[in-house]
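Okay, so here's the structure we're looking at.
Order of writing sets the chain letters: A, B and C. Residues in each chain are counted from 1.
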Amino acid sequence: MSDAGSTLPTGSTPAVASRPSFAAGVIPSGRSSLWHFLEHQFSRYRTTWRPTIVSGLISPVLFLLTIGFGLGSQIDDTSTLGTDDYAAFVGPGVLAAVAMLQGGQLGLWPTLGALKWEGTYQAVLSTPLTATELATGHILWIGFRITVGSSLYVFVLALFGLVTSPLAVLAPLVAGMVAMSFAAPVSAFSASRDSDEGFSLISRLIFTPLFLFSGAFFPVSQLPVVVSWISRVTPAWHGVEVCRHLINGELDPLNDLIHVVVILAWILTGWLVARRTFTNRLSA
Amino acid sequence: MKMVSTVSPLTEGTLSIFGRSPDREGREIRQRMGVVPQEDNLDQELTVKENLVIYARYFGLSWSAAKARADELLEFAQLADRADAKVDPLSGGMKRRLTIARSLVNEPELVLLDEPTTGLDPQARHLLWERLYRLKEQGVTLLLTTHYMDEAEQLSDRLLVMDQGKIVAVGSPTELIAEHVTKEVLELRFVDGTPTELNALGHRTEQLPDRVLVYVDDGDAALSHMYNEGVHPTGSLIRRATLEDVFLALTGRSLNE
Amino acid sequence: MIALRQAARLPESATRFPARHVFERNVLSYRRLWLVFVAGFIEPVFYLLGLGVGLGQLVGQVEVDGMSVEYAAYVAPGLIASSAMNAAVFDSTFNFFYKLKYAKTFDAMLVTPLRLGDVVSGEVAWSMTRSGIYAAIFLGIATILGLVESWWALLTIPAALLIGIAFSAVGTALTSFMRSWHDFDYIQLGLQPLFLASTTFFPLSVYPGWAEPLVQATPLYHGVTLCRNLAFGAQGWGDLWHVGYFVAMAALGVAFTKGRLRTLLMD
């Protein structure tokens, strides 16, 4: 990492191409340029991590405190939830639900921004990196950031005594995967757009209901049949289930495996489409 | 410009527009004035025609009068076929014409234009000059700032040269040329050094890094005189003196930044 | 050839209430953005269905003013206040910033007979109207779902207008200090706790004693309480305190915004 010690303040990071780690000559053989992309993003991250951590940690903690503990205090009967109290139900669920929401958001404005307004990704392409590698790096990078934020949140859950299984250390990884399962298809879509028209509609009319009906706040079985199936097909609910099982230590191996497979299928599909739209966008 | 358009308060001195004071009667002054800012600030969220209609509303025109006025101005700005288009995809020249049309919604007596053709291609500039000339013909006063001396020469009756915020000359383009420079300019290039004989040739000579300018009344006469003296430049050009020469003569050649 | 001096058609001085033309501009611009407009009031409906109805099955009945009410009916008026806040804040922050810094919409307005006061009033009036429309539609949906008990609930619409004007006045004032889009992360960061913690979803009594005054100091708490009291016909003279809170917020916000815009646009 030739420029890891950068002391540039947030926001004034120069365009990628001007950075030495991307100059064609310095990439050692045997290491892919994808790796360099991630390495580079990481070096930038050291100066821009605060907002990500803040939103990645504060948002789920707020839901835990207000809905989990605040509203939870009004709930006496938790028999349908499978947990002793409501906070133990919501806390782990919100981990995956917020990851989904943030993965989706990162797939919208920041993606189009890097591709269009800021030109960051155009600059990357003047290096040996291909558009496919760029799409891969973009999605992996979102997953990484959400995993970091989620780890802190799981730590907070532990402080509240809501973690009852050592398997909980795997939960942030699942949250990162949930983020990618949304970020991949959404980025693919954003890359095909010329303006952010409709982005706020997607956020409000698709992300919000998927978030609320993800099973994080109440079991999807309480939903009308049609809505519950929408929740079952989209990846958020699968992530909510797996995270809850990992943190509460009540693993259901077969079902959890299926959940993970569904999430991976969404990542893969999204990635396949994203390679195409990224390529089309950047070759035009 | 912001003070004349009565947006900013005066920093010093006095200002009177239509015999009124901008401090107390800004609204009344603006009612009779049109402003074309340096940067287009058209409303991207509205169509071409809506831009004109809503602007006319700001001046208190009724909806029907505003729409009728917008149609007239679209014709004037040669934008009638783009009436329902969004503003963003318009070319630079079209946006400028729309901004000028917008400044005319209130049938102003005075239009302020802040560098109206900066950044436009020659065709767009000439079309714009022609439209502005037509306004002038109809008795609208145009108050124009520009860095382009050809533009000033084309459009202005009375010209005011400013340097570092101070007025350095006032007059019509022809008066200013007559007063501050000669009729013609001889541009000469020499391979090895400028011969001293040149100094006697015209009213004034100016040594530039790549050439010498000689300010003369009759270029042809001066040139043949020079050849007779045995001075042979590698290149020569006779041209009419322009406002650009006046401007440079008055404000100097060094960058004022 | 255009006619230039047909003075008869043009009023010598500007019309009465010139601020209404600023309002008209926003109506024109939203004619094509109606879907965005719709999305703004559907989002709280999702919260009503998701948390109100969905969680309602777990929560059961809640007490308001001695009455026992369904949880969704308890949440609904709180969401009216929240959606009024959201509408006003969205307009007075993101949209206002765009018009102020990028589109230079206000620069274009100020060279017409419009004055700074007209521009601020027109903008705030528009945000307020948007809040009122959202509240009215939301109230209609809540009524269809059988969650509205009292005719007094109609008064939540003027309450929403009041909440709208207060939040939009403060929103424009804050926006005038914003340097770039990055600063808007703070607005988002501020809205979420207001939304979640302002007793929309659970009563004030849930908080530990020391936290109650903190919650009571936040603006949305007053909106939620006012709307809830009205929705259940439980209002009293004490609610004037909430009204006063918003009037003060609006007055301060407008005065501040005018001062700031004078510096930003006129000097």
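Everything that follows uses one rule, which is that a residue touches a chain if its C-beta (ideal position, glycine included) is under 8 Å from a C-beta of that chain, and two chains touch if they have at least 3 such contacts.
Note that this is a predicted model, so its numbers are computed, not measured.
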| item | value |
| --- | --- |
| Farthest chain (mean CA position) relative to chain C | B |
| Per-chain CA centroid nearest to the all-protein CA mean | C |
| Cα-centroid distance, chain A relative to chain C, in whole angstrom | 31 |
| Separation of mean Cα positions, chain B and chain A [Å, integer] | 55 |
| Between chain B and chain C, centroid-to-centroid distance (C-alpha), Å | 46 |
| Residue numbers on chain C that touch chain B, as the complex places them | 1-7, 9-15, 18, 21, 24-25, 28-29, 33, 103-105, 107-115, 265-267 |
| Chain C-touching residues of chain A, taken from the complex the two chains share | 10-11, 51, 54-55, 58-59, 62-63, 65-67, 70-71, 73-78, 80-81, 86, 198, 200-201, 204-205, 208-209, 212-213, 217-218, 222-223 |
| In the complex with chain A, residue positions of chain C that touch it | 35-36, 39-40, 42-43, 46-47, 49-51, 54-55, 57-60, 62, 71, 180, 182, 185, 188-189, 192-193, 196-197, 201-203, 206-207 |
| Contact footprint of chain C on chain B as seen in their complex | 2, 5, 7-9, 26-28, 30-31, 33, 35, 37, 39, 41-46, 50, 53-55, 57-61, 65, 69, 72-73, 75-76, 104, 106-107, 109, 134-135, 138-140 |
